[in-house]
Structures are given as C-alpha cells and as structure tokens.
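Paired with chain B in one complex and with chain C in the other, chain A is shared by the two complexes that follow.
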Partner chain A sequence: MTGRAILLMIGKRLVALVVLVAILSFLVFSLVHIAPGTAVDAYLGGKPATPELVQLLTERYHLDEPFFTQYWLWLKDALVFDFGESTLTTLPVTDEIGIRLGPSAFLAVYAYVLTVLLGVVPGIIAALRQRKLLDRGLVAGAVVALSTPPFVMGILLLYLFAVLVPIFPAAGRGEGFFDQLWHLTLPALALALCVAAFLLRHTRASMINVLDQDYIMFARARGLSWGHVLFRYAFRNALIPVVTVSGALLAFFFAGAVFVEATFSLGGIGELLVQSAQSSDMPMIQALAILIAVLIVLANLLADLAYVAIDPRIRFEGRSA
Partner chain B sequence: MTEAAVTAPRQLTRRRMKSRPPLLIGLCLGFMALVLLVAVFGEALAPQDPSQQDVLGSLAPPSAEHWLGTDGLGRDVFSRMLAGARSAIMGPLVIAVVAMVCGNLLGLLAGYRAGLVDSLLMRWVDLMVAIPSLLIIIVVAGALGGGYWLAVALLTILTIPTDARVMRAATLEQVPRPYVEAAKTLGVSNGRIMVRHIWPNIAATAVANSVIIFAGSLVAIAGLSFLGLGAAPGTPDWGQMLSENQPLLFTNPVASIAPGIAIALTATAVNLIGDWVYEKMSRRGAAR
Partner chain C sequence: MSGSTRNRGWRRARVVSCLLGAAVLAACAGNGPADDDPASGDGEHPGATARDVNAGKPVSGEHVAHLTVGISGQVPLVDPAQNIMSGMSVNINALELLLQVDAEGNLEPWLASEWKQVSDTVYEYTLREGVTFWDGTELTSEDVKYSWDRMAPSSGGTSTIFAAVAGIEAPDKYTVRVTLHQPDASWQYVPAMFYAAVYQKAHAEQAGEEFGHPATLAVGTGPWKLDSLNPTSGMELSAYEGYWGGKPPIDRVSVKFFTDNNSMALAMRAGEIDIAPGIAEPEGFVAAAGTASTYTTATCATALVSMPTQTEPWDDIHVRRAVAHAINRDDIIAATQGQAGAPLHTLISPQLFESLGSSDEVEAALEEVETYPFDVEAAKAELAQSSVPDGFSYDLTIPGASSAVAQVISAQLAQIGIDAPVKVVPDTAWFGMISEDEPMLTFTETGACTPDPDWDSLFLDTDDAGEPIGLNLAHYTPPEVKELLNEGLLEQDPAERLRIYTELSKRVAEDVPYVPVYAEGNTYASADYDIVEYDSFWMNFPWLLNVVPR
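Let's look at the complex of A and B:
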C-alpha cells in the first residue's frame, strides 16, 4: 500500500465515521422520545414539574416543534458540542465530560501498556517452553484470567493489595504523574489482565505456528544466532495475527474500562456513563454515547494503520498490482 | 505399511486424551450441575431467609451460624449466594437458547442463500463488532430505566449476529460438499436441505458456540447487575452483591469476595466446557 493508498483508506474511514455518527446521533436523539413518559419528563430527570421549569425545558430543547425540526435543532447544537445541561448537576454536559477525560485517558494508556507487556511477553515465553510446566501454568492462568471479568478482578485485586497487603490505595486518582501511576496501578491491572490473557493465547498460538515454518529452520541452518532469528524473523511474523485481533480487543477494552472506573471510583468517563445511566441523565447519556462511538471508531482506525505498518505484504500490495 | 496404518490412530487418540485432561472437564461439568441444582432449588436449600434483615447482627464474620458472615443489613451472605444462582444462570440460559435458534436460522440462510439476507447480516455484524454491546445496553438501559429482563432482551438481540456469523461460516464450508449437491439433484427443497442435511453437520459448532455465548452473557448480566442496571435492588444476585458489599471489604471481605469468585468460577467452568466441546468437534471433523 503506497502513501496515497493509505491516505485514501484514512479518508474512506473518516467518511464512514461521519455517516456512523449521523445515524447514531439520530438514534441517540430518539432515546429521549422512546424513554418512558414524555420528552419533558426525560429532561426533568425526576425534578418536580413546575410550570416554569416545563416552559423553560420546552424552549431550551424546542419540544414544541415537530420531531424532525427538534432533531435538526438538537443536531445543530451538538455540532458545536452543546448537548444541553446535565439533569443531575445542571452543569453543561460538555464541561462535565471535559474534566473527566484526563483520568480516563491515563487509565487507558496505562492499561494498554500493561496489556501488551502481560500478553505478548508471557505468550512468547510460553511458546518457547511449549508443553513444559511453565507453559502449562501460563495457559491455565490465562484461562482463569480470561473468565474473570474486570469488575470481579477489580474487587479481588482491591482485597489482595489494598486491604490484605495495603500497598496500593483503594480509591481515588492521585495528583501528579507518579502519584497517579501509583493510584491507577490496580485499576489498570484489573482491566489489563483479562485482555492480556486473550492476547497471551493468541501470541502463543501464533508464535508456535511461526516457529514451525521452514524459513525459521533455514535461518537457523544459515547459522544466524537464536536471538537474531527470534526477534528479526519469528517475532515480527508472529505479531501479525496478534495485531489483527487487537481491533476486536478494543471494544472489549472500552467496556471493561467502564466497570473498572466504577469499581475504583476514578472520576472518569466510564464512571460518568454509569452514573448518568443509573439516574437517567438524558443529555449526558446522549453526549457520552456519541463520544464513545467516535473514540472506538478512531481507535479501530489506529489498529488498522498499525496492521499496515507491521505487515509489508499489505504495504506493497499496491505496487505489484 | 500396515504398521504405520495401525499406529497412526492410536497416536491420535493418545494426543487427544493428553490435550485436555477429561478429569478437569468432569470437574467443570460436576460444578455446573451443582450450580444448576442450586439455581433451581436455591431458595429451598438456603439455611436462612435470604432477605431476612438483622441490623444488630450485621457485618458478622463467618461463623457456624452464618457460613459466609452477614452483610451490611445483617442478611446471611451464604443464603443470598444460593438464592442468587438463579438470576446468574436463568438470563444467560435464555440468551444462549434464543440466540442459538435465531442465530442458526439466520446463519444457515445467509450461508446457503447469500444475497440480501447475507449482506444485511454482515453489516449488522460489522456494527456489533465495532461497538461493544455492553456499552449499547448501558446507554439504552439508562434511557429506559434498566431491569433484569430488559438487559436479557437487549443482550439477546445483540448476541444473535455473532452467533449467526459463526454459523454462516460453518454453513459456507458445507455448501460446496457433494452431499448438498446430491440432495439438490434429488430435488430436495432448500429449507429441507438447510435444516435436515446441513444443520446436523454443523450442530457441534452450534452447541460449542452457544456454550461460549452462555459464558459471555453470564459475565455480562452479572456486570450489568453490578452497575445497578440489571437485577432489581434488593434481590439476591451475585453481581449486585459484589457492588453492594464492596464497601465491606475492610470489615467482612467474604461478603464481596464470595460472589466474585462464584462468577469467575462459573464462567471458567463454562468456558472450559465450551473449549473442550469445540476441540472435540473440530478433531472429529478433521478425522472424517
């Protein structure tokens, strides 16, 4: 794939993103009207319906207009990031989300690094020690970790490392880089272990498959050192299927983050989503749904670009054709 | 020559036995039987009323009277664990069965008849893979007010395409085989070919896949209850107990740890059974 082809791919995906967001925005807008009660009830969010408040909300969200006009007006506001005010805190939704992006991003990056470290490295070790005790242990551990959802893992880690052996804090997110790193270790681990287990199984299978190939034996026969063969030949090729599955892992990762943030009360986007879902905070749910969908699509695009970068067969496809 | 022909199958069986000790699977099946039994008779087996509150006896550590201690409202944790098995198992069972029936039908149709059904199904699948179904459920449940059966219904709808995709792939593998062509030549109707000829050949995949779907929805339903969007407040439910009793980690940790371990153990057992069925099935396919 040449540079132009890559740009074309990015362009296509961005157009798809716009289409997706357009459809999604309509669905998300409709939520207000699907919800039990009238649209005013949805925006009241349990507050007493005084005539003044009903009047105010009707004007604010154009509830006296026809359905599609309402949607159009809502969309025009949404395009400039105005999703209305939270029914829970009465603050603008966008401001609320803005302060919470930081902790979530920190958690995501930290957990991602841990996932790769805990998935790929033991996966390679297991493949090299195939059918030995260490391999069996790692594979068995992966089965258990894979079946332990992040919210259960979170509670178990909390108990082990915050109550039984109090070396990590039980909640909160800390100040400054190293304090945050310390505070977010347990949440990141809770999120990473499950996904890492999946990655471990894939890396192991892929590495075993690659080590069986003729080109590895040939490289060894040419007298190249084991380390050279392992990293220049085997590892790079073994990584391809791993990067392929990482796209599917992202969806899992996002959902898991919501549970982990709720468990450790980190004050991030996920926790905000749970809070707003529990209290039917309609404007907040709408804004978060769109934000999360956009983030997932962009993350998927990044995963695909990484795939192109790592597999030369795809990169040079355009040249031979 | 003959020697090789004789030894080859024996090696195969030996490797098959080695690959996954049946003892482990036996344990998993036994454990699942126990969980099912508790799910059916849980409330009757419970030594105490699971919702009986006793504020004075709250936060008691495990004892002969309260095997797993009591929670913040003085309810017996062990009895609640037994009673909670039902909501942990029932929803996922419904999801697995409904998703299997609908997913198989759609998958057969899409794989066998290509065309509109196929392309619609694949677009649906693409969307489901991109956006995690749990997040969709959280958003919709938040708007509609949550509830156990709403969560089950939403999860069923969102699970069908994943099952259908697997069944589609399995069907595509069968369609070019001679027996399908033979049936076509004999003038067997398309519906009959799909259900009576192709389906029996992919039934093992269908079963293995629904076992894995069962494990996934068990975790998902428990997770939604954990967030307060599943089982109604107050009902004994493993996911709900996990979050309700999280603040008790410093006083009576068992109250929160026990339901967590129950979820993880059940999911592990089901996943291992699913893997085993899948492996057995794919070996059988390869030998044929």
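Let's look at the complex of A and C:
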C-alpha cells in the first residue's frame, strides 16, 4: 500500500467520522426531547421546578425556539466543546470530562500495553512449548485469569499489594508521569489480566496454526534461521487476529473501566458515564456519547493502520494494486 | 408561595442526593445513640460526649501535623448556592455558620454572638466582632446578606429552602435582619444548617460565574482554609492562623474521595486515611479496615415502610395495621449491617420533640401516641378483619440500595399471608414513580433531617389542591393533617407546638400510612481518632475542631 493510498484511507475514515458524529449529535440532542417529561425536566435533572429556574433553563437552552433551531444552537456550542452544565454537579460538562480524560487515557493505554505484554509474549512461548509443562501452566493460569472479573481481581490485588504487602497505593491516581504509573499499576493490572488471558489463548492458537503452515516448513528447509522464521514469518501472521481486537480493546479500557475505577477511587470516564446515566444528567450523557463514538472510530483507525504496517498486502477500500 | 411548595424541592433534592450515594449527608442524629445501638454500650464514648469548650475552640489542643480524611462521594464545587451537596461534610470546616445546634438540640452562638426573634416574622442576628476572612478582612453583615441572598430561588440558586425569606437586610456592620413572608417556626434552625454557610462577598463577586469552582473555590472565616480541590480525587485544607477561636490544632488536612466503601476500608487499613465520617455498612467496614473501630449515632431521620393508602387493598386500615404488627424491627436492623441507629415506633422521631419541652413533658406527650409492637397473632387478627382475610399479593418496589432490608420485610409479610415479592428498580425509575404518583409498597431511607419536627412533613405534604407532593409515598392526604402541619409552622410557642405535633403523631399513628422501622444511623470509623459530639448535626459544624486523638 503506497503512502498516498494510506493518506486516502485516513482521509476517507475521517470524513466518515464527521458524518457519524453529525448523525450521532442529532440523536443525542433528540434524547432531551425523547426522554420522559418535557425538555425542561430533562435539564432540571431532579432539581425543584421553581418558576425562576424553569425560565433560566428555557433561556439557556433556547427551549422556546423551534426544534431545529435549538439543535443548531446546541451544535454550534458543541463544536467548540461547550455542552452546557452538568445537571448533577452544575460544573461545565467539558470541565468534568477534562479532569477525568487524562487519567482515563493513561489507564487505558497502560492497561493496553500490559494486556499485549502479558497476552502476546506468553502466548507465543506457549505455542512454541506446545503440550509441554510450561504451555499447560500458562494455559491453566489463563483460564483462572479469564474467569476472574476485573472487579474481583481489583479487590484481590488491592488486598495483596496495598494492604498485605504495601508496595502500591490503595487509592487515588497520582500527579505526574511516574506517580501516575505507580498509582495506576494495580488498576491497570486488574483491567489487563482478564483480557490478557483471552489474548494469550488467541495468540497461542493463531501461532500454532501459523507454525503448522507449509511456508514455515519451507522457510526452515531453505535454511533460514529459526529466529528469522519466527519473527519475519510466523509472528507477523499470528499478530493479525490480535490487532483485530486492539481497537475495540482500547475503547473498552477507556470507557468500560467503571468497576476498577470505583475499586481504586480513580474518578474516571467510566464512573462519570454510569453516574450520569443514573442521575439522568442529560448534557453529560450527550457529551460522553459523542466522545466515546469518536474514540471508537479513532481506535479502529489506528488498528487498521497497524494492519497495514504488519502486512502490506492488506488493502482497504480502494483495493488498488 | 406556600410552605409545602417551598419545601418540596429541597426535600426531593436531599432524598435524591442521599439515595445516589452521598451517605455523608446523613447528618441527623439526635442526642446520642439509643439503647439498642451496639456501638454505644457506654455513655463515656467520645462520640456521645458534648463539647465542653467555648465557641471557636478545639476540644483537644493536641497538635496534629497532618490528618487524612476519607469521605464517600465526590465534591464537585464548594458553592452551596449552586449545588446543595457541593462541599458535603468538608466545606463546613472552612465556611462557617451563624449558629450551631448543641448536644441538647438547642441553638448556640457561633459567628453570631447574639440573636433574637423581633416579631413572628423578623429575626435579628448580631455578628461577633473581629472575625476575619483568610485574607485578613473583617466579616460584616454584608457578607452574610450576600451569601444568603444567593440561596434565594430568584437568584438562580438551586435550593428552595430560602424561599420563606422575604428579605435580608444589613442595617449596620454587625447586624443581619431576616424577614419572612409568614411565620415559620422551622426557620430558626436554618442559620445553623450547612447550606447557610457564609463566605466573602468581595471574593465571590470578583470570581463571578467561576465562584466555588475547583480553580476559584471560596474564601471563608473557618478554622481551615480551602487550598485546593480536585473533584475526582480530593481536597487540601490548611490551618488558618488568624482564626477567631485561636490557631486550630491540625496543621494540614487532606480529604480523599472514595466511591466504594470496601476500598475506603482497605485504604484505612493501609494507613492512607486516618478517619472516615459518614460511612455505610459499618460492620463490613470494620471487617475490612483492620484495627479501626466505628461509632454509630441514631439520627432523627426515619426509615419506614410506606403503603399506598388510596389503592386497594391498602385503603383498608386493617391491612395497614396488620403490616404494622407484622414488622419485626430487630430482624430488619440486623440486615442493615450496623447502618441503622435504633428501632423507631413513631413517624416523627422523639429526638425532634426535645426542643419543644422538658423530657417529662415530651415523654408524657409521646405516651399518647399509639404504637404497633411486633405481634404475628395480632397481625393475623387484623388481616382477618380486612377485605382480604386470606392474604393477597403486591410487589415491594424499592431502589437497589434497600434490597437487603426489603428481603427481610418481604419474609415478615409472608408470615401473615401477604405475598410481597421484592422488585428492585433503578433509582431514577423509583423517583419517576414518585413524581408520577404511582402507588407502591416501598421502603425508604432519607439520609438527612433537620432539628425541627416539621422535617417529617416531607412524608405528609400535599399541594394546594390536596394532592401528594415531596416524599408523600403513601398518598396520605387528610385535610386535618395539612392543617396541623401549617399550624405547626405558624405557631411560635414551644408548648403549643408540642401539642400540635403530638396531635399530628397521634393521627398518623392511628391511620398508619407508614410503619416507622428504625432511626437511621450515622457512623464514623477510625483507628486513632474520635469525633466528640458526633450527633445529628455533626456536619453542620466545623467538626475537625471536635477531632481528638485516642
């Protein structure tokens, strides 16, 4: 795939992203009007409907204008990241998301790196030591990790490494890179272990499959070194199914870490999402829905680019030579 | 605006916030724990001891360099006008009140050295002289007026509690005069409640829309200064050297926010937090927290079973009396993991009567109120007299937080032939049902109460058309009850008010729209510290002044 083709692909994806966000923005804006009760109720979020407050909200969100005018006005604000104020805390939605974005992104990337390290490396080792003791041990360990949900793993890790052997802090997210790394190690591990176990089995199976292929045997027969065969031939091919799940995984770690966030009192995006859904915090739900959609699209784009890097034969859209 | 409408929003907000997990708001104990409270075996416990020092002074002068406090929930901002939950139990150590409620439920001076009720509707407060804000400027009546004016609904404040106020004046530097629309006996306590906190006008005006937000915070007169706030992780406070009560004994206070009770307990075990007020499920907390112990106080808030009195078969008084007799409070309390304060037999907590007369007078009055002791035979006999002698089936609809208690209630009702399967609904759906006036058999905790017996009107309120509002879950709307509620607020004489609220209690006990189950509890946990006078209103007070090392 040429550089131009790659740029074209990125361009097309970004256009698709804009279209998607446009459609989504319309849907999430409509939420306010679809939700039970009037639009004013949605923005009140359970607060008392004093005449003064109703008037204030009507003016603020232009609720006396026609629907499409309201949407247009809302969209104009949303384009500059102004989604209004949280009905739960009264802080601007963008501020609330802003303070959580950094730690959540840090945690997601950290957990992702750990997942790949703990999933792919032992997966390859297990495949190479097929049916040996090490393989059996790794697979058995993976079954245990796979059956332990992150919130159980979180409490277990918390108890083991913050209480019994206090190497890591029990709560909080830290400031600065190394402090964050230290604070987020246990949460990232709790998130990563379950998925890493899945990835381990996945990598092992796909590696075994590739190692059985004729071209591997042929490459060996030509006298190529084992390391060369392993990394140039087997590993690259085995990695493709792994990369497939990566995009979804990053987005999942970002927005789906709610239990781990609660266990370690991190205050992240996942918790914010659940909290806003529970309290019908409409402006917050709108902003988060759009944020998460954008993230999923971008994460998948990254995964596709990784495909291209691993296997240049892979083509997207154009199918040009 | 009528009294009932005034209170609706605040009460709803209070209940919502409680059930959304702000257990810290549960600030309403009475005077020490009740007899059945396991944590209160002796009256010697510091939590049950009254402060014995002057206003502004710490109970213990012992120097503490750094104290770490764990609280459940998060503090988004510190402006009480924008968000009633804002600073939760932390704010109050920085932004002070004019008055305080003492261990006996009486009002005592704080920022106001004197106060008097000039007429039925006019109250006058005289500020202490020489009280300074953290920047050294003196507190004046203008600051109080400004802080309270911002609470009024007309200025966009989210609280409706100040809607009773017709106007606030500052006739001179140290005098604040409050005029009410109509007599309201419950107003007297408002200047002693956390939402009436006072902050500096000049700073608030300069900060404008950003006031109270994490970057701007607020400037107060309290013993501890607000240094920083991160809405997701915690707050930092430090001692204010120029505090009017003298330099506070704790130099630095770090507050950490927790969303999970168990994690907070483990953090305490790991030594990362020293003390945690307002915790949930004390028994579980102690099990996880190692050497820490807890103290639970019984509050004036009522946890109750509610029956929809206008819906069949609950419109039959015999059915409701049968339920009242079928409830075994001890078993239900055991299911709360130490969270309940003490068994309760009247809708209005006896604690709330205490300010209305001597203990003998109150006791005599309460003896007139009928109660329904646990008695399965009596319950069966009542049901046999009803329109459904062979029992019936009706869902027990509750929000998730009450599911353990609901299972016990359901089993107790099954004993007399009422099949009440537990139906757990999301919090928002449960509140939706309340605002839509959908009938339901339910159980609820409210989490917070105020020192006046009018607090329980929350469960009895009706609008001008006689329709149930607020948390009137039972749809209980006799006009006589509404009249008594109004009379109770208009009347200023305590003895007369005692008569009115006794009448009200008798009427409610006779009609049993609700079965009061227990006085809600409030608990702190610590391995090294205690909080003196940990009662109903601990968080309406700079409670860090009451922290004593063990």
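Criterion: the second predicted complex is superposed on the first by the 295 of 321 C-alpha atoms of A that agree within 3 Å, B and C clash if a C-alpha of one lies under 4 Å from a C-alpha of the other, contacts with A are read in each partner's own complex, and residues count from 1 in each chain.
By definition in this document, a residue touches a chain if its C-beta (ideal position, glycine included) is under 8 Å from a C-beta of that chain, and two chains touch if they have at least 3 such contacts.
Source: prediction; values computed, not measured.
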* To do: Could you check whether chain B and chain C clash or fit when both are placed on chain A?
  => clash
* Asked: Which of the two partners, first being chain B and second being chain C, lies in contact with A:E271: first, second, both, or neither?
  -> second
* To do: For A:P169, select first, second, both or neither according to whether it touches chain B, chain C, the two together, or no partner.
  => second
* Look at A:I125 in the shared chain and tell me whether it touches chain B only, chain C only, both, or neither; answer first, second, both or neither. => neither
* Touched partner set for A:E96, first chain B, second chain C, both or neither -> second
* Asked: Between chain B (first) and chain C (second), which does A:L158 come into contact with in this model arrangement: first, second, both, or neither?
  -> both
* Of the partners chain B and chain C, which touch A:I292 in the superposed model: first, second, both, neither? -> first
* Just chain B (first), just chain C (second), both, or neither: which does A:A262 touch? -> both
* May I ask you to decide whether A:S147 touches chain B, chain C, both, or neither, giving the answer as first, second, both or neither? => first
* Look at A:V116 in the shared chain and tell me whether it touches chain B only, chain C only, both, or neither; answer first, second, both or neither. => neither
* To do: For chain C, sort through 328-336, 346-354 or 526-534 and name the stretch that clashes with chain B after the overlay.
  => 328-336
* Structure fact -> Note: overlapping chain A surface for chain B and chain C spans 36, 155, 158-159, 162-163, 170, 262-263, 278, 280
* Residues of chain A touching chain B in the complex -> 28, 31-32, 34-36, 42, 143-144, 146-149, 151-152, 155-156, 158-159, 162-163, 170, 248, 251-252, 254-255, 258-259, 262-263, 273-274, 276-278, 280-282, 285, 288-289, 292-293, 296-297, 300
* Of all residues in chain A, those that touch chain C in their complex -> 36, 46-50, 52-53, 56, 86, 88-91, 95-96, 99-100, 103, 155, 158-159, 162-163, 166, 169-173, 261-268, 271, 278-280
* To do: Would you mind writing out the residues of chain C in touch with chain A in their complex?
  => 8-10, 12-13, 16, 20, 74, 76-77, 82-83, 153-154, 156, 158, 160, 163, 213-214, 230-234, 256-260, 262-264, 266-267, 269-272, 426-428, 431-432
* Touching residues (chain side chain B, partner chain A) in the complex -> 129-132, 134-135, 138-146, 215, 219, 222-223, 226-229, 239, 242-243, 246, 249-250, 253, 256-257, 260-261, 263-264, 267-268, 270-272, 275
